[in-house]
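Next, two complexes with chain A in common: one pairs it with chain B, the other with chain C.
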Partner chain A sequence: MSAIRWTVTFQVFRKKGEQASHFDEFKLEVDPDEYVLDGVERIWAFHDHSLVYRHACHHSTCGACGMRVNGAEKLTCITPIRDVTQDGGVVRVEPLRNFTLVSDLAVDMGVMYKHMDLVGQHPVNLDTNEAIQPEARPAGPTVDRPDYLRLSDCIECGLCVSACPITASSPDYLGPAVLAGAQQGGILGDAQVFHLVDSEDGVWRCHSAFECTAVCPSFVDPGWRIMDLRRQVIAESFRQLFGGSNPKETGSKEASK
Partner chain B sequence: MSDITREAPITRAAKWFDPRSRTINMVGFILNRITALGLTLYLCMHLIVLSQLAQGPGAFDTFLANIHNPIFTFLEVLVVTAGFYHGLNGIRIVLISFGVGVRYQQALLISVLVITVVVSAVFAVHMFSF
Partner chain C sequence: MSKPKVIVIGAGFTGVATAHDLALRGFDVTVVERGDICNGTSGRTHGLLHSGGRYAVTDQESAIECVDENMILRKIVPQAIEPNGGLFVAIDESDLAYAEEFIEGCNACHIPIVELNSKQALAMEPNINPKVIMAFTVPDGTFDPIRLALAFAATAKKNGARFRTYTEMEQLVIDGQGNVKGIKIWDRARDTHAELDADLVVNATGAWVGEIAAHAGAHVPINPTPGVMVAYDQRLVQRPINRLNKPGDGDIVLPQRRMMVVGTTSYEVRNLDYVPVIDSQVKLMLERGEELVPGISKTKPRGVFTATRPLIGSGSSGRSIARTFKCFDHKETDGIGGLITITGGKATTLRAMAEKTADMVCAKLGIQAVCITKDTVLASYRDFYPNN
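And now, the complex of A and B:
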């Protein structure tokens, strides 16, 4: 932390229920090395207790505090104020796009979590119905249990979904986070996941804008993973075309990267 | 801001055209769609123009003489620009969809843009001096 103080105006998106959306302004004196989430929390603590937003860990692990800051998707707990504005400047804070708004800055990410389940990225071990323990996760990327990989890399913050221009126009699209999850878990050992990925709203809906990769705070690189899925789907389809056996049904798996 | 599944299709469809706070990749994506729409429109107009042939060579020559002006030449340069950009970017997307050069997709996009600008400039010089 530095001794420098900046005066910054936070413009915060507000919407409750069916009321029309608007922005509330809060002038704060901040240390420019503080994070955007610190400013939002100070607004809640000292100015307006009705402000709704999500946060938890404060160190980019839980993925809860994703918001749009001056138009760009950011994990606000690791975004210094000096990176997004200047002394006397504005920090415009809005909820993520392409999710259903709950209230103010909080969005409902349930659809993304359900899709994660569909591609085999379960929050619990389905055999034992117990939470997956970190030590139970395989160390390497080549695994036999895709469900063990959930949360090992992607923090499910939803920034990629918000930044994706295709998710904005096609709500049924699985989206970059889910497809990246499918790639991490592997698709060739599960016919259901393979067909979900190789579908109209799967990898073929992506139009290679790579905005998901640009905003990902965990360097998951969803854009690359979607392209890798396409490569796998194309290779598998060619194999089938020339009479290869069907690993989708026999259960063999190509190593995921 | 609300549930996007409840938005009108036209509202959702327009959302891809918003480059604010995005990277050059988004610009490439938007240009790809605009050039696709432009080339489709051009194809329709081209067929309409060709239908002038049914009225005889005299009518067609007269029509061509009427559109031989700088405005139409500029529009033809735009067709060349759109054709080169869309074609080259299409090759880029095919390559990265096969897993080739995905790590270099942004450099490929910049290369596509540079080649398109250079080729368009060369065509513009020739077409305006014709």
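And now, the complex of A and C:
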């Protein structure tokens, strides 16, 4: 934080129920090192208590505060105002695209959450990071799997889904977050997940724009994971073509254990 | 006979856990929350699943609550918990002098600890201060705040509870005898107003309980006490690192996904809706955090945030107030029927707070129903949305 003060204009997307949408402007004096979410929170606290926005952890671990800021997807709790505008400039905040709008800046991510479950993405994963020495690892779930459990990198913020040009034109596309989840959960042990990933709304719909990877605030790199899934799907399809047995039909996966 | 109607105000940890318990006990439950789930203090926790070690000397009632509830949460909501353990480390002579009290306290509170020498501690956590003299392992953990709350909320919803998020309580509805009969609400997402009636209203608004209770002329002895936390962009430790000493500022470094969070401080505020970050405290977090994990100075701050604890008490301030929770029946404290308040406590004790609150609801409404939340594994947090 600094002693410098900027005057910036927040242009905030507004929509209530069936009313038409519009933008409201709020002129704020800010510390440029404050985060965009701090500005939004101050607008709610001191200027307009009807503003609806989603937020919880304020340190990039919950994924609730994703918005479009001056046209780009940002996790607003870790985006300094300095990074998106200048003194006297504009901060235009809009809800994420490709989700159902709740009101103003809040969207409903229920569909993405459901698909994450469907492909077996588990919020607590085994950590197999070899940079961490065995004696430094907390105990794993079993003697056979000494890798320890760690909260997943993906925070389900939806930035990748909002930024994806394919999701915008193909609403049934599973989308980058879910495909990255499938890659981490493993697709080869479960026929249902394999077929879902191999379907027309799965990995083949992606046009490799890599917008997902560009906006991901949590080091998941969905673009790379989708390419890796394609390799896995091709290799498995060849294996089956030459007489390998199909993946087991186990129903939806519970966890990546 | 129709189910008794209970309105819970607030969908932070206490509110969602209370809704879950009440739904299991057969009540008709409506939760009213002005934001989305966990948008006040609960969301902004550093995410430490307390082993109780932090309070084993200074506040044993809280310590026992923490260790007992820690073990229960590991069973009922593993989806939101990284069970990584934790260390209490002694860096200087003052820490070392605290060790004996710490061991006694942990034994008295049945907190399982294992003593490590300097070499063992450094093997376990190579990035902690190499001056470490001794350490103790404890069953701490890291939890995911929003998913912990969503799992309770999702389960409550499956059992019939309704969640009216983005809905602010505007007024308590009070009858001619001064008793609370319901609430007036403003749905901020649709910009509509309505009135809900209830047999009982539970005020579960954490640091804001005083403001809500004041609508009925009731009083709650609450000391809203914010603290600053700083998230850094690298994970140099694999489990929470606590300073082996009396609880103080910046004496916990907690791993959270690929980050570390250093917390926290303790001060007082007037306006709870926006608590500014205090620069000197951010600096203090770095200095104190470095004493535990020297590499922090080579990482970058990723997020700076404040959270306002709902501490119960009056007169004394900050660190000296117990971290335990309390349920207030405003019929007894203020002569106002139909309203109870639950506040205080910690994220780790959310289930126990809900149990005590639901017990009071049952007693007040003459309902016989036992608490089964200790043994009820929660539904997936992903089942909460879509809401409404």
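Operating definition for what follows: the second predicted complex is superposed on the first by the 216 of 257 C-alpha atoms of A that agree within 3 Å, B and C clash if a C-alpha of one lies under 4 Å from a C-alpha of the other, contacts with A are read in each partner's own complex, and residues count from 1 in each chain.
Going forward, a residue touches a chain if its C-beta (ideal position, glycine included) is under 8 Å from a C-beta of that chain, and two chains touch if they have at least 3 such contacts.
Just so it is clear, the structure is predicted and the values come from calculations on it, not from any experiment.
Undergrad: On the A-aligned overlay, A:88 touches which partner chain: chain B = first, chain C = second, or both, or neither?
TA: A:88 sits against neither chain B nor chain C.
Undergrad: One more residue to check, A:234. First (chain B), second (chain C), both or neither?
TA: After superposing on A, A:234 lies in contact with chain B but is clear of chain C.
Undergrad: Based on the superposed arrangement, let me know which partner A:98 touches: chain B (first), chain C (second), both, or neither?
TA: first
Undergrad: Touching A:163 in the superposition: chain B (first), chain C (second), both, neither?
TA: Touch status of A:163: first partner only.
Undergrad: Which partner does A:54 reach: the first (chain B), the second (chain C), both, or neither?
TA: second
Undergrad: Should A:243 be classified as contacting the first partner (chain B), the second (chain C), both, or neither?
TA: After superposing on A, A:243 lies clear of both chain B and chain C.
Undergrad: Mind working out whether A:210 is in touch with chain B, chain C, both or neither, as first, second, both or neither?
TA: Touch status of A:210: first partner only.
Undergrad: Starting from the residues of chain A touching chain B, keep only those that also touch chain C in the other complex, and list them.
TA: 100
Undergrad: Per the contact definition, I'd like the list of chain B residues that touch chain A in the complex.
TA: Interface residues on chain B, with respect to chain A: 1-5, 12-16, 18, 20-23, 25-26, 28-29, 32, 93, 96-99, 102-103, 105-106.
Undergrad: Would you mind writing out the residues of chain C in touch with chain A in their complex?
TA: 35-39, 42-45, 47, 78-85, 123-126, 142, 144-147, 166, 168, 188-192, 229, 231, 238-239, 256-259, 261, 271, 273-274, 277, 279, 282, 302-305, 380-382, 385-387
Undergrad: In the complex of these two chains, what residues of chain A are touching chain C?
TA: Those in contact with chain C are residues 1, 16-17, 19, 34-35, 41-42, 44-46, 49-52, 54-64, 77-78, 100, 102-104, 106, 108-111, 113-114, 116-117, 122-124, 132-133, 135-139, 148-153, 155, 218-219.
Undergrad: Name, in rising order, each residue of chain A that touches chain B in their complex.
TA: 13, 15, 21, 68, 70-72, 94-95, 97-101, 163, 165-166, 168-171, 207-211, 214, 223-224, 227-228, 230-231, 234
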